[in-house]
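For reference, the structures are reproduced in the following blocks.
Shared between the two complexes below is subunit A, which has subunit B as its partner in the first and subunit C in the second.
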Partner chain A sequence: MAISDVQEYCHLTEADVEAIGRELDALRERVERSRGAKDAAYIRRVIRAQRWMAASARIGMIVAAPLDKRYRRPLQAASAVSLGLAKILENMEIGHNVMHGQWDWMNDPEIHSSTWEWDTGQPAEQWKHSHNYIHHQFTNVLGYDNDIGYGVLRMAREQRWTPANLGQPVYNALLATLFQWGVALHDLDLDAIRHGKKDPEEMRRQLAQIVRKGRHQLVKDYVLYPALTGPRWKETIRANVAANLMRNVWAYLIIFCGHFPDGALHFTEDELEDETRAEWYLRQILGTANFEGGPLLHLMSGNLGYQIEHHLFPDLVSNRYAEIAPEVRALCEKYELPYTTGPLHRQYGQVLRTIHKLTLPNRMTKDDRPPTGEGVTIEQHQRVRHEDTHQRRTELGAWSRAAGRSRA
Partner chain B sequence: MVARRGPQPGVTTASALFAWEGAPDGVPSRRLVTRCALARVCGACGRPLGHPIAFVGTSDEVARNAFHLPPLHDGCVDAVRALPAPVPLTVVRTAGFEFVRPGSGDADPLPRFVPNSLL
Partner chain C sequence: MFTDRVTSTTASRDAQTTPRDRWGRVRRGLDQLTTPLLPDDYLTLINPLWSSRELRGRVEKVVRETDDAATLVIRPGWGWTYDHRPGQYVGIGVQVDGKFHWRSYSVSSPPKRSGRTLAITVRAMPEGFLSDHLVNGLAPGTIVRLALPNGDFVLPDPPPARSLFLVGGSGITPVMSMLRTLDRRGTMGDVTLHYASTTPERMIFRDEIAALHAKHEALTVHEWFSDEQGIFDLARLDDLVPDWRRRETWACGPAPMLDAVEQHWRDADLDDRLHLERFSLQLKGDGGEGGLVTFQNTGREVEADGATTLLEAGEQAGVGMPYGCRVGICHTCTVTKISGTVRDLRNGDEFDQPNEQVQTCVTVPVGPCTLNV
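Now for the complex of A and B:
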């Protein structure tokens, strides 16, 4: 089910909603005021560690090349793992958060949202549109947020079922293993392309940028570095495939656990009308899910185990999410709001169950999400009617649309 | 070839600027201001922001350190300052900013930008 009235769903008065907003504002202001040298040292330390891991992996593969098989294989395997971890750290804790502008306050031109280009197929510029704007502004709103299934999976019961959904388990496995390329195509808005609503000129510009970035990634991992290992180039390619696969599956897992466990809700566009800051906070809490784990797990997942805190304050430094999480949770308990969390394996188990259930039409399965009151949700038949008349938002898949007049 | 929206030489009308698209009263579109804030693009040309980031505002906005106009490239500032305005606009430069959505009880009902590292 999808929520069309968050306030009513939560049984909160307007005064409650505003009080929640004030408490969250105070939390945010406190972290902003105390942000400083210790935080800057943290991100610089993470970047330094990531670069050493990447460099030692690349050097390890070169050094391993002339060695005897006995020594070469373990060194190559260790290098592949080190490279995979470096890519994970770069994408999750560094790239994602730097591009949100979390570290802009440091005034370091290198660690800045305008200059960071990350080690993955999607150009940073398109990511900042599809993720920072579309996903964070329209979080879990059906028909708006392309993260709901990435344009290939049916992740909500309100999304129309078609026989093509029977292949979801296969699409899901492909999405996980090829995740960087799925993300690379994310801002194209595959739904718009399927329905012939995509401006071809816009698509051409986006594709050209994706091809340029993709070519750079492919040359680096599958031509340049393998060439440096001479006759062992095939083994280096295999190691780099393994590293990319590690990163792809991990990034997919973390991202899907942030929005698709049972407690994370979907919304209709009614909820966007005249939304205040406090209502926006509320929608972020309801639309996201955390997972539990130790500091290393949170570091390697870009602190997205604190997905609720990240969605409340996407431009607040990620190393402070752990500190504010207990307070956000206490606030949710005080107002009897759901604070969805659990161990990573349980959260992903629920995601997998949803993916598999939604391969079938709704009449053949039961909804696992929490029940809601009368009149605060929309049902499948209403959604279908809505989709028939719905004009897709022009912002979707329009990263390069600085020329509004051309689309009129 | 599709021309990109942005400040053109000699053009000083609001409609030529990215965040002012479809805003007949010369006020930037709230939807596009939010997009500039989150996607981190320039309010004048629609291209990704650089370093530093510029904001233009009235002396009151400068004093409060809270700006209503979207972030800009340094080189796009003049296009915005050339727009008809009741009072002169001052430029401030920053490395980063906070984007603040309006609350229901706020005296200021518009989204605003709070530079967090003035240069």
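Now for the complex of A and C:
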């Protein structure tokens, strides 16, 4: 079975599939050729704005400390919001996209996928493996893509139900509030650890890396900056918790809307077989969902509202996704392919419904999306340990002076 | 480039603690507040030169030297040491259409520890899109990237008693740095400068050289204008500089001139007294056998022949390869070769160890190889 046997694609001839691939390749090439000074100015502007927001938030809390409560509280609140927004911008529009290599073409060592380290719990090196490679290569393939439920949630009917799934609403709330730490553990591959398939040596290496990075993050937000505000340290901790919470919930929301709304399908190992580049494109379109919104919403979500475009061209500059989206959509219409999109609240509503439905065994609920195949379960597939077949990218953010040491 | 920087930090740590070192320690202490970024990343919001993460500088002045040449006076930012040796070149990275392009140019200013600027002199080459941009398109205030000084085409300290400089066209720039150094240190010995240019108008630094000549009796200057006089024939050197065999010689200019000079000195069995500076890539190896180049992180593969460098192969495959000078000088293009053998085109050296650092712009595959890009 190949991807063209998936029901949504049955009407396509082999020539159609190749033609779609060619059109998408041409689209990519056109954008690549037209990249220039304006795009470079864009990312520099975003980075500058983000750093000003972060710096003024930190300084704001320190300045607020000796003030009277009347002035202190609003200043602290504004600082917390500014810090939260800065973290969101850094993670979504800057970090995520820079690490995809979207800005590597600028040949600027300071804005480059090999040197970027981001302001969140997960070390860049592990992200580039779990996200750029595993998730983007094997998007929505059951048993391959760990982003299906992050090893915590049951997000597909094909995942076997266990009584532990009854706690899903709680796990979901925890995942949303602690999202950065959930992501930090992501590349450890909790499923593999549970099944005893994780190389203990590699696990130790990764854990050490996570602990080191996590410690820096925690000391910064919950020790140093509170200490700088003297007797107001408790209020600063509260403000920083609020900022991190804001970022966590937002990042969780955006990411869950990328692959779990009803239109986004799952695939099986069989569909990966002999997959061509054009078929890979098709799988990305069908496994992904967009959401609609204004320019500010798209900026704050790292342009992941254009998730379909991002999955087709993960290393194409994010500020151009909006421009190519109508063309991708027109292409889908031309070939009668689904192009899943909707307002953010509807997309997330579908996600929530799926999470709660799958709390229960399959026989007690009805499926909202086309089934992946008759009687397909995730256990049918021999999970491939990607570490066995793929060498990791080893560079850490050269950014941090700790980089040399943490390469251990 | 990178190793150089490491060495220079170690060197300064061995010496007594300077205020700059102390300031560096403070900044390292502040790292914890800005992690995962550096304090420098925030300081550049205020002044782009306040960062030592990447060396950078601000173009202070663009001084026109001739119709097609200009001197860029650059104010370097943090981390610059001002102690280049006269004759060395620096890498300069300039953003054009959003993309950094790197080239290397000789420093024309003399080294000065207390200095605040350095100067490079650039001639706009007809086919050189970056040199043209530097001469005609660079506004004062532009921020450029810099790479620390490098190169063996240098004047020893103390200088030799008798020296000869053979210069063609813009090859004057490293020599000018040497002459200015000799002048500043008052160590101008018996120096002869033979300087060829197409026309008097295109001769860079002509007035300054005349002034130096007037100031120092021991400095002999021969001007040669090839549009009127034709290409200088080295056989005539015996008439012009009878004692050239006894002089330490530095030659810098276009490739055909350097080839002739090299041959002339070799024939006289005097290679060890000759110093050459070439800016174009001179390939000595026969090329590799070619092979399949795999780019680890993108999973792309490309079949490259023995004349295609790894950099070119990567670009053909659409991999975002880092690059700089493209002639093996600046090391910007260095990546880790995970497996396979590659050959250095400049000297035929082969690199066959796993996980070696290779300069992709001057190496070609010998059989299949895998790069960590």
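Here is the rule we go by: the second predicted complex is superposed on the first by the 359 of 408 C-alpha atoms of A that agree within 3 Å, B and C clash if a C-alpha of one lies under 4 Å from a C-alpha of the other, contacts with A are read in each partner's own complex, and residues count from 1 in each chain.
One rule holds in what follows: a residue touches a chain if its C-beta (ideal position, glycine included) is under 8 Å from a C-beta of that chain, and two chains touch if they have at least 3 such contacts.
Keep in mind it's a predicted model, so treat the numbers as computed, not measured.
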Should the pairing of subunit B and subunit C on subunit A count as a clash or a fit in the superposition?
clash
Of the partners subunit B and subunit C, which touch A:G101 in the superposed model: first, second, both, neither?
both
With the two structures laid over each other on chain A, which partner does A:V170 touch: subunit B (first), subunit C (second), both, or neither?
neither
First (subunit B), second (subunit C), both or neither: which does A:T276 touch?
first
Touch test for A:P109: subunit B only (first), subunit C only (second), both, or neither?
both
After the superposition on A, what does A:A26 contact: first (subunit B), second (subunit C), both or neither?
neither
Using the touch definition from the top, say if A:K38 reaches subunit B (first), subunit C (second), both or neither.
second
Report for A:A227: first if it touches subunit B alone, second if subunit C alone, otherwise both or neither.
neither
Tell me which region of subunit C runs into subunit B after superposition, given the options 1-9, 73-81, 127-135 or 361-369.
361-369
Intersection of the subunit A residues that touch subunit B with those that touch subunit C
101, 104-109, 112-114, 128, 133, 137, 315, 395, 399, 401
Would you pull the subunit A residues touching subunit C in the complex into a rising list?
35-41, 48, 51-52, 55, 58, 101, 104-110, 112-114, 117-119, 128, 133, 137, 213, 216-217, 219-220, 224-225, 315, 391, 393-395, 397, 399-401
Subunit A partner contacts - residues on subunit C that touch it in the complex
28, 31-33, 35-38, 41-42, 45, 53-54, 93, 95, 97-102, 296-297, 299, 320, 322-323, 332, 338, 372
Okay, in this complex, where on subunit A does subunit B touch?
14, 18, 21-22, 25, 32, 99, 101, 103-109, 112-115, 125, 128-129, 132-133, 136-137, 201, 205, 276-278, 280, 315, 395, 399, 401-406
Can you list the subunit B residues touching subunit A in their complex?
2-6, 18, 21-22, 31, 34-35, 38-41, 45-51, 53, 95-105, 116-117, 119
